[in-house]
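Got a structure here, written out as structure tokens. Questions coming.
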């Protein structure tokens, strides 16, 4: 694996929030085609990590690399243009816009307008339901449908890396399951996925590899199997009492 | 039936507030109806303005027409100003009280262009060119003032509690107003009279309209349509709407939030600039206080129409313009109230209160930014 | 004395320090400022003398200064200035009125020159804000200053109400060139106005005269029978429209609509339509700019008002307004301004005064009342000079009550606005009202001078028509 | 050696930027007319006029900023910083020169009215363009350097220097007031001050623990003070030689003499240097006290201040008293609005309506004018209950329709109500009752039985206003810290949740409106009596805004904050309808107002004297950081 | 008798049906869980019960009386309290104040007694304070001591949830509605909260209705489970009954393997 270039890489990233040291020497790599999950409890630094990937937080030291390019102090739109995009927690669609407009927002920075129709088709293949709802205001969709549009919107940007923020947060079990299925599907279609999740067992069930973040530090990392069988992991994050 | 249902109004047991509001609603309705039609058969009571017109002693039919049209013209300009409030409110969620001054700045600075044209004789010989250029000057000035305002003051305040940008905008309003007073003096700047082609009346669909008023109505309507298309159809327009809904997610889509917010201010400013020249065309006098009252009325219009809603701003503007033009004579005069024109702001603000009592989110409904939804 | 000496020594010491400080600044600054004003010489002398003479007064043994009257008196040291102040509306929308009057005062000072060898100091101009609040705080600030003998102001009657008692308590006379509210003096029937106090005088006319005279002109001369009136919510315009209406009705005419606009209004179509409904022959609109401008500009577009006679008042008698083409054929009532040929106390003619005004301030007079204020100032200075008692060492002693009494007894005082005689309630102005007609908007000054009617106060307070010119 | 060599390019660049800003500042104050408008008022005769002061200020500021802008990593020396200041000054000077050349070459007065020949003369120092340019650049360099140099001093020296300079300006500026105070101060008040001061000092030192002794002693001292002040009120202390020495009387206004200026400067400087350590030690000692102990001290100090404060109006003179009573009226409104906005979170922009209702009710019921013979001629005290009643009714009338409206809707609707009220008071329609545009005159003074408080008696009015302010502050305090205050707060935070916690929103909101209306109404009643006449023009929308601004600038939700806000915005700057201490700035008052508001909101949004709560709210992030550092938040991240 | 009974309740938002002919009841002393997919109308039911929204038709009975049209504050007085899905503590008020406010409807002293600080007022304030402290101590040491005077925004996420529950308890309710009380909590915090919900009933005798997605919590606390989908009740019964219901698996649980 070492000879492969990671699409997303953190090299000794430290971030500060005022005087507070949040991320502490975080190193992580996400390779092309993988599903990697970042696990951690509340306030472990997960959100900050995502913000650092997207350029909403600039590391005080260390570098964030996208496709091998150092992007530490680049703007969000610069990074989005280079293939990073996120499905936010709680979907957060533009509720007053139609589904179509929502999907179009995903292509905001793209210049290859001629391929848009194809991409739209691809989304419809993935989520046939979305096609039926195209002219409807996003706010009127059900929770499951909204989730599809949110993912579709992200995919319209043709991301190299798709960030998923807490895909299981506050969702019914059936939707959680659906969400993770979608992630697998997308991944199979060739997109690298970086999942940030509190629900460790769920995330590890689909991921190739995982990192565990605790108070800003990576405390564990490894393949999904290794992590699932790690006793420390089982107790702290999988909620097993013994 | 459905129409009668008050949106988002909770159905409650009939409490004090409900009885009060119903009393206001019914009272207002009775007041308006009696003011217009009078109480037939009751001698000595209110006569009713319409009745007076029919009996030939009140306001003549032509006068009603004039009132209506001048209200429309006035309202069009309120609408243009309201748009600036509405756009900013939609995107940033606060009342930009300095918007009235943005309007004033365009009107005031473009005076110097108009004056120069008039002195050079171009105002008469090439009215379209001169007027167009004057409007450009006004738009440029207002746009610059609006964008600078955002850059200097509001950008640093994003995300602070709502009272802070509000007070900042009041401060900004004072600052701009008195800076302009300092720079250009406090005298009234008298615009050259509308060029010859715009003198007198034109007949549209059999209705005689002063050409200046017609110009105002047409120019605003066209501007509004163009702007609406811009926001509805273009990529930038979509970005604006996206930011209005959820700034963070819009940024995530690659939208440059700062630039689009600047653009929003610019658009609002440009519209205010156009309104400034139109205002000067109609009323011909501008000075540093010109922005104050139209600013407040513009904001009122934005709320009446449904704040954050572009079409609402325009509709609200027309409504306020009409109400304050026609309202006093139509409703109050019928009651035999003296000096009704003095009360036109009372009528306008009462209309605002009534609209909000009947429809708490304005005529066309509000479109709030993400902060609002809380 | 020794204490003072100590201070002197210290003073010398710190002067050295201060000079160093000054040197650090720019030499030019210091030099030019002092060179340009003659103040430095006076300043130096007063610095030396003020302290001494004050010390003298406390120990003064004999006839000078004389015993003070009930209101006290003011001792002015040799070379020290005579203190008078102004309290006018100099900010916001009515600034054009107050600033105009302050200029009148400045010109009067220039013409009068020193009072018995003492310069006259105006101090900081106070702002009456055209409100009671401004009048009160300005009056308080002035009354707190030592030795102020008289005040020229206020611009607005509303500001005068609370200001007068404050000045009264301090024994200061207040002379206004533009208050016209009737209750400040009298009703001309021998009854004191409600708000009259005996330290107040004015050179402006009384509302009662203008309203009545304007109505007589409208009824008799113009033959108007049905009038609409418009005021703008200002006490002045409201009072004027009211008294116009009163007389007009008495004469047999009818006020079909008495209405009002707001000062900030721009769209006058509704108000004009309201008036049009009454089908008047004429509209009396004694209001200010810009509302007055909007009215004349928009009246042409109102059906039913095409032939109506427009009739404004002094608030609009400005070159700005008169240069609007729409004002051609409009009449304006106001204080008599036909005093071009009049010569004031010092012999200065009004024509000359206007020329100097324009030269000094870069524009023509922005309002009509500078002349009245010029006269008011002149009257005050003359009175001070008349009642002042000169001391042995060049001091002056002015008894406040004597000053007041002198002013109240002034008669046949030559002013640029005419001959001034103060009545027992402080009305000093000629109370001559004129009506002018603007014929040519290209020559506003000619319009302002085009008097078509003059009226004044008769012996019994009634209006008497005066010959033109 | 180039002293700039040690500085990075960034520092130089930022110095140039600051310099350009300074240049713009020069152009701005010149073009809006401040330099010329204030040019006549000399602060120190004959070297310093206010107009030049504005320019000097700009230069010092730019230099200071440029010097302070040196990057910390640069290790910039004092000389380096001064050089940066000079760079900024010269840059600004160059920009200013460009402006000078422009206005000297072209006549721009047609457009820019304040760029008058007189201004050009002033800027050129009456010596022609060459001098103007030279002075702009040279002076810029000098001031820039000086500004930066000030920044390199020790904090104490810096404070002493700027503070002393400020004192000179203040003493120069307050010529009228200080002269009056020195002239009129009588022996009685002086002794009373002395008695209360000395007694309380002794008491606090020796009996700080015993509240009873402290209170008794203070009271006794106070009573003695009052007796002495009354007994000796006619005996002048004879201090008039001080203003006679300090100020020079010249045509155009009195100004501080050079020697007096130097004395003030030296005294202030020496005082700062000598007493700074002691003051800090005192503060440290106070801070180190136990809370209970500190409370006792606070209690004692409050007693002393109240005791001394009671004698203050006897000393301050009519001008300050007048200013303070106007301030007090606005403070009354501020306290009321503070309840409505600060506690209950209801953004009311039409607050002046209640003030007007109070003023008109009082005026109509008491006026002795013959114009309103139909109305009763009650006394102030008889009319006061009706004022309160009218305010309550008005509060309910305005409050009820807006109960269900949110923030900004509330703002515009209340603003509308404010305008409606003013226009109705002004209207012909109601002119029979309200007098229309002619207002109400002849409102009689207040009879206290033993004394008549006339509007012209500034001292008595001030005492009366202060009494009402104290009452209002007391009521506010009590309400804030009660079940009702808490329900308001909850409502302000989250209306819906407050309702589900059992708060009756209708009642809570109406109560807030009504309390606010009562305070404003009483303020209005005092206003009517103080001026004796009222006109609708006094109740314009700008008054509402002024009150809102003063509570926000002062510190919303905090009663002392509101008081400070009122002092600064009304007392010192002057409100929309009143002049403040800085009368010379009257023409630029609102410009300064605007600039100050901008500055405050951008840099200190919580106000001058914020409530803890508001400060926390506005600096939540910092508080959370602190909490994190102290381990208060367990795993602690902001999400 | 049912403490809370909902009969044929209906609510739509501009044509979108949120609650459709919903029937369910809660008996005194029960802990009832309400589960269902997102957008199924669970929170709407809470809003309707607490008077924050009004139903279009149907009936809600509390202790046998209709409560339709009553305002939330009145209902709080009757004994219905709730928490919110997206934690709505009064962020700028202190922990203690948050809980003190909640006793608003259990106290009565008005403005006049507050201004004059009457004896009755002081006594009542003291009681409010004591009760607040008592309620906060329900969470062990997590919300007591120095935290009393800390603004709520300084609390961690889990503590804010706890404070919300404390605030609800402080209204002295008969029934408390908890909206996703464990959302965003880690496993150990979730366990603690689960235990707490049990104690609410056992120690304090409060009936509890809880909306929850975490099936482990549902399993551990519920006496009865109600399942909603598209505003309708699709199943009701014990945890075991419900989780084996085909409709529930289809609409909510998905593949059984996913539900732990």
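For clarity, chains are labelled A, B, C, D and E in written order, and residue numbers in each chain start from 1.
Following the convention adopted for this analysis, a contact is a pair of C-beta atoms (placed from the backbone, for glycine too) under 8 Å apart; a residue touches a chain by one contact, two chains touch by 3 or more.
Please read these numbers as outputs of a predicted model, since none were measured by experiment.
For the pairs B-D and A-E, output the one whose chains share more C-beta pairs in contact.
B-D
If you average the Cα atoms per chain, which one ends up farthest from chain D?
Chain A.
Just by CA atoms, which chain is the most central one?
Closest to the centre of all protein C-alpha atoms: chain D.
Taking the mean of the C-alpha atoms as each chain's centre, how many Å separate chain D from chain E?
Chain D and chain E have C-alpha centres separated by 48 Å.
Would you mind pulling out the distance in Å between where the CA atoms of chain C average out and where those of chain E do?
Result: the chain centres lie 73 Å from each other.
Please compute the C-alpha centroid of chain C, do the same for chain D, then give the distance between them in whole Å.
32
For chain B and chain C, what's the span in angstrom between their mean Cα positions?
The computed centroid separation for chain B versus chain C comes out at 40 Å.
In chain C, what residues contact two or more other chains?
Where chain C meets two or more other chains at a single residue, that happens at 233, 258-260, 262.
Give me the residue numbers in chain E that touch at least two other chains, ranges are fine.
Within chain E, residues 52, 71, 156, 158 contact more than one other chain.
Would you please write down the residue numbers of chain D that are in contact with two or more other chains?
423, 426-428, 617, 633-636
Would you mind writing out the residues of chain E in touch with chain A in their complex?
Those residues of chain E that touch chain A are 16, 35-40, 85, 156-158, 180, 183-188, 190-191, 213, 215-216, 251-255, 258-260.
Using the touch rule from the top, collect the residues of chain B that touch chain D in their complex.
Of all residues in chain B, those touching chain D are 9, 15-17, 20-21, 24, 89, 94-95, 112, 152-153, 156-157, 160-168, 170-179, 181-185, 187, 296, 299-300, 303, 307, 337-339, 342-343, 345-346, 348-350, 352-353, 356-357, 360.
Going by the contact rule set out above, which residues of chain D touch chain B in the complex?
Of all residues in chain D, those touching chain B are 28, 31-34, 111-114, 341, 347, 400-401, 403-405, 407-409, 411-413, 415-417, 419-420, 423-424, 426-429, 506, 541, 545, 548-549, 552, 556, 588, 590-591, 593-598, 600-602, 605, 617-618.
What residues on chain A touch chain E, complex-wise?
41-43, 140, 142-144, 169-178, 198, 201-202, 237-239, 241
In their shared complex, at which residues does chain C touch chain D?
On the chain C side, the touching residues are 3-4, 7, 10-12, 14-15, 17-18, 21-22, 24-26, 28-30, 32-34, 36-37, 39-40, 42-43, 46-47, 50-51, 54-55, 80-81, 90-91, 119-124, 126-127, 129-134, 136-138, 140-141, 143-146, 158, 161-162, 165-166, 168-169, 183, 194-195, 231, 233-235, 237-239, 242, 258-260, 262, 362.
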